[in-house]
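What follows is a pair of complexes built around subunit A, which joins subunit B in one and subunit C in the other.
Let's turn to the complex of A and B:
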């Protein structure tokens, strides 16, 4: 394919992928009373409405909190699982991998229903937010596992042996040698986990306790009865939040891949 | 100042016996090589000394104290890996400091010791470089420095020169040997390269199939091999059948061979009075004039600069390989006379 043609092709694909987002962002600046595109005049009025809406503000806080907690749990479990997976070669290796990826392969609604039965049968129920966090961890775990095990592929086991011969115990070896070297994978995996968790609807919907709502649930609730540009403002804010998380983690934690 | 004693060391992987009851004593400050083809158990032995692999049976003693149950991180060994295994996220100085930090050496002592060892491996200006900014040979020297800076009881090297090109490999042999002598550390070196083992070691341990085939000085191994396998592993060798002419006088036995009759040391003939002799290619001298030795025809010659290899066909059809300096040159088809000193024959199956 010639270069201009290829460039044009890529532009079309990107436009197709990004158009819905642009439409939503555009619609959020609507001055009119209904969710339409193109917007009828420009205004920030729906952002003002949104930021003064306690229900939405609470939902955002809940979403961020749930995403943070499940990312930490997923990050720890997923990293440990990846370490186990890489260091053990045997006939169970591929089964371990498959089991870790299963939540990705099953329809989310199926996982949600099974989890609902599960949390009730073990007595947790949905009275607290724990059930929802369990669900989010389950869904986000494969993303941490995939990223960390990919980073571990380029980790030379001789580094751990060298550290051992120099007198480092298991905790020091992990903290000073392995973790810094697989850091890009861990951070990448956790970013994925955070963003996915922030976005999960079905699981949250099934497992939420009464009175708690994450942002996607609150938005869904809202759209059932209202059709104002406030919904577009909510969506835009959540897109900006997600982008902010990515950019801040890149800057602060450093996603720079080490070159060997 | 550590003397290592290995007794009946065995590693059983269930499906195979990687190391089968080997025993070696390594004197304090000695440089010993474990030499053998891949899969002979040399690396497994090294890993057991390092503590990376558990021994199935046997003992490993450092100065008489059994370390089999001491974890690797407490054995106080310095290890150099085949691919160096330098920590890529740390500078040269940080790589060297790591082992000292584990030993809770003070910050100022770390600085002086690191500088001293870097000077020893001639990398003083490289403290702040990352491993990826160094050449293979430099990385190799950093790996050595990292292993030595902790002043370990013993130094273990696992095929450290395998990834270097030929010229650098020869330089590093001398470098490592000189450094080891200067530091005076007990060293175990694993290699499948016989030239490396011969030039560097005080003693060579040749291993086949998890057992020690022979151990001794490089010249013992080369000139007085215990078996055909050892003889062939450490260099080219001609095999000649000999017939004992009369009983030994002292330790010299007259033996009749296709090259003539010679007085050979260490012969233990079988019931038929036959003996198998080895003869190294460079032990043979050639002459153009008929000086009374066996005659042969040159069938091929291979010139390699400092040496020439000839393939000769004896008048009975047997082939013999000869290596000489290229002072006189012969071409295929030339007739030559073979001159050998009886001392240069070594009988297989000789009591060593």
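Let's turn to the complex of A and C:
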């Protein structure tokens, strides 16, 4: 392909990738009662409706809460596992890596269904939010593991040994030497875990209960029966929230996120 | 520090992960395997005793067989479309020194930051009978009646391609970045044409990326729920949608388990065959 042709082609693909997102954002400012095109003037009325809608506001709070708790848990478990993987796994290295990536390799819908049956058969059920948090930790764990182990590749164990010879205990060594050096990986992994948890659908859908619907579930339920631009306003706020988290952490912390 | 404490300690690091994965991933998968052989219940999710009836029901009902075939077809077309659409983009990201490379990379990644419900919703606004595409075409006088873009397999494929395209571009890009441009230049200097150099040099060397991207997209599109559910509506159901509906609306746990496992195993089989074929081809080259 010649160069201008290739550039033109790529621009079309980028437009294709952005289109549905831009359409949703545009639709949220539609003044009409339905998603008509062309829009019937600009207005913020659907944002007002959304901010006064208790169901959606509760769903946002649930989403943020579930994402925060899952991120902390999978951040701790994933970082510990990455430390083991890089420093102690020896000849089991490939098996450890494969096991840690398992939740990512298995189809999410099957994992969600299996987990649903399992929590019922051991008596936890979906009455509390515990089942949903377990599901979110499972799905987000690989992202923390990938990012932290990538950061740890460049960590020289000699630094820990040096600290130890100077009398530092294991906790001090971790807190003062290793953690500051692998921090970008830990924060990057947790950031990704948070975003994934905030957005994931199938796991939450299978493990939800009345009153524990996250934002994606509430939005999906709404979309099955309603066609007002309120859903577009909800979506836009959700997109802005995610983008804000990413941009702030990129600018403030200068992070590089590893997705693969 | 005693010898014993030192040798036991590293395992404490991996213990929470092992516990989590063992208890909440491995055991549930064993459980669903057993569940698929249980007797269907009456009023309860399942009854005591075991049967192979759930699988027999799947294999003997042409409705479900057609649904599996349709789901595999949607997955295969989505994967192929992602490969064709994504390759040039991955190529440009990997090879050219553009001024806006960072921005372009961000554009490829950005859909991943937007939830799948929102992206599918965007497509319903675009593809619906009164959607943006149909309205625009009608207003321009190009068509009289809206084109059937939603509530069919075509709409599902369009939206799935959008949702999973980044998962194709990223592995392709990393594979293409690993190819030294001078190898291709060498082939050209030895008289190979552009197409020959691409077919004999670039394509075989980028095969690991093609393989990874195709497998990823295929598996993801088989188990996709939100997109086929919102775009297909009640008219076209993929297997994943049927499974979830069977479990949520009708509580048929054993039959739902058999369906879910059937879909995953068929998908795994296709992936294995694909990996085998592409590896043979790649070695033959």
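Operating definition for what follows: the second predicted complex is superposed on the first by the 230 of 260 C-alpha atoms of A that agree within 3 Å, B and C clash if a C-alpha of one lies under 4 Å from a C-alpha of the other, contacts with A are read in each partner's own complex, and residues count from 1 in each chain.
Simple rule for what comes next: contacts are C-beta pairs under 8 Å (C-beta built on N, C-alpha and C of every residue); 3 or more make two chains touch, one makes a residue touch a chain.
Note that the structure is predicted; figures quoted are calculated from it, not measured.
Superposition of the two structures on subunit A shows subunit C fitting alongside subunit B with no clash. Of the two partner chains placed by superposition, only subunit C is touched by A:111; subunit B is not.
Note on the composite model: angle subunit B-subunit A-subunit C, taken at the C-alpha centres, equals 100°, rounded to the nearest 10. A simple residue count on subunit A separates subunit B from subunit C, and the partner touching more is C.
Contacts of A:226 after superposition: neither subunit B nor subunit C is touched. Residue contacts after overlaying the shared chain place A:95 against neither subunit B nor subunit C.
In the superposed model, A:40 makes contact with neither subunit B nor subunit C. Of the two partner chains placed around the shared chain by superposition, subunit C is the only one that A:198 touches, whereas subunit B remains out of contact.
Taking every C-alpha atom of subunit B against every C-alpha atom of subunit C, the smallest gap after superposition is 5 Å.
Taken together, the two complexes place residues 259-260 of subunit A in contact with subunit B and also with subunit C.
Looking at the complex, you find that subunit A touches subunit B at residues 156, 158-159, 161-169, 172, 176-177, 180-181, 258-260.
Partner subunit A is touched in their complex by these residues of subunit B: 50-52, 72-79, 81, 83, 85-89, 98-99, 102-103, 131-132, 146-147, 150, 156. Within the complex, the subunit A residues that touch subunit C are 1, 3, 6-7, 9-10, 13-14, 16-21, 23-24, 27, 35-38, 76-78, 80-81, 83-85, 87-89, 96, 99-100, 102-103, 106-111, 113-118, 120-121, 134-135, 137-138, 141, 170, 195, 198-202, 205-206, 215-216, 219-220, 223-224, 231-232, 235, 238-239, 242-243, 246, 259-260. Of all residues in subunit C, only 9-11, 13-14, 16-18, 20-21, 24-25, 27-29, 31-32, 35, 45, 85-86, 88-89, 91-92, 96, 104, 107-119, 121-126, 130-132, 135-136, 159, 162, 165-166, 170-171, 174, 219, 222-223, 225-226, 230, 240, 243-244, 247-248, 253, 256-257, 260-261, 263-264, 267 touch subunit A in the complex they form.
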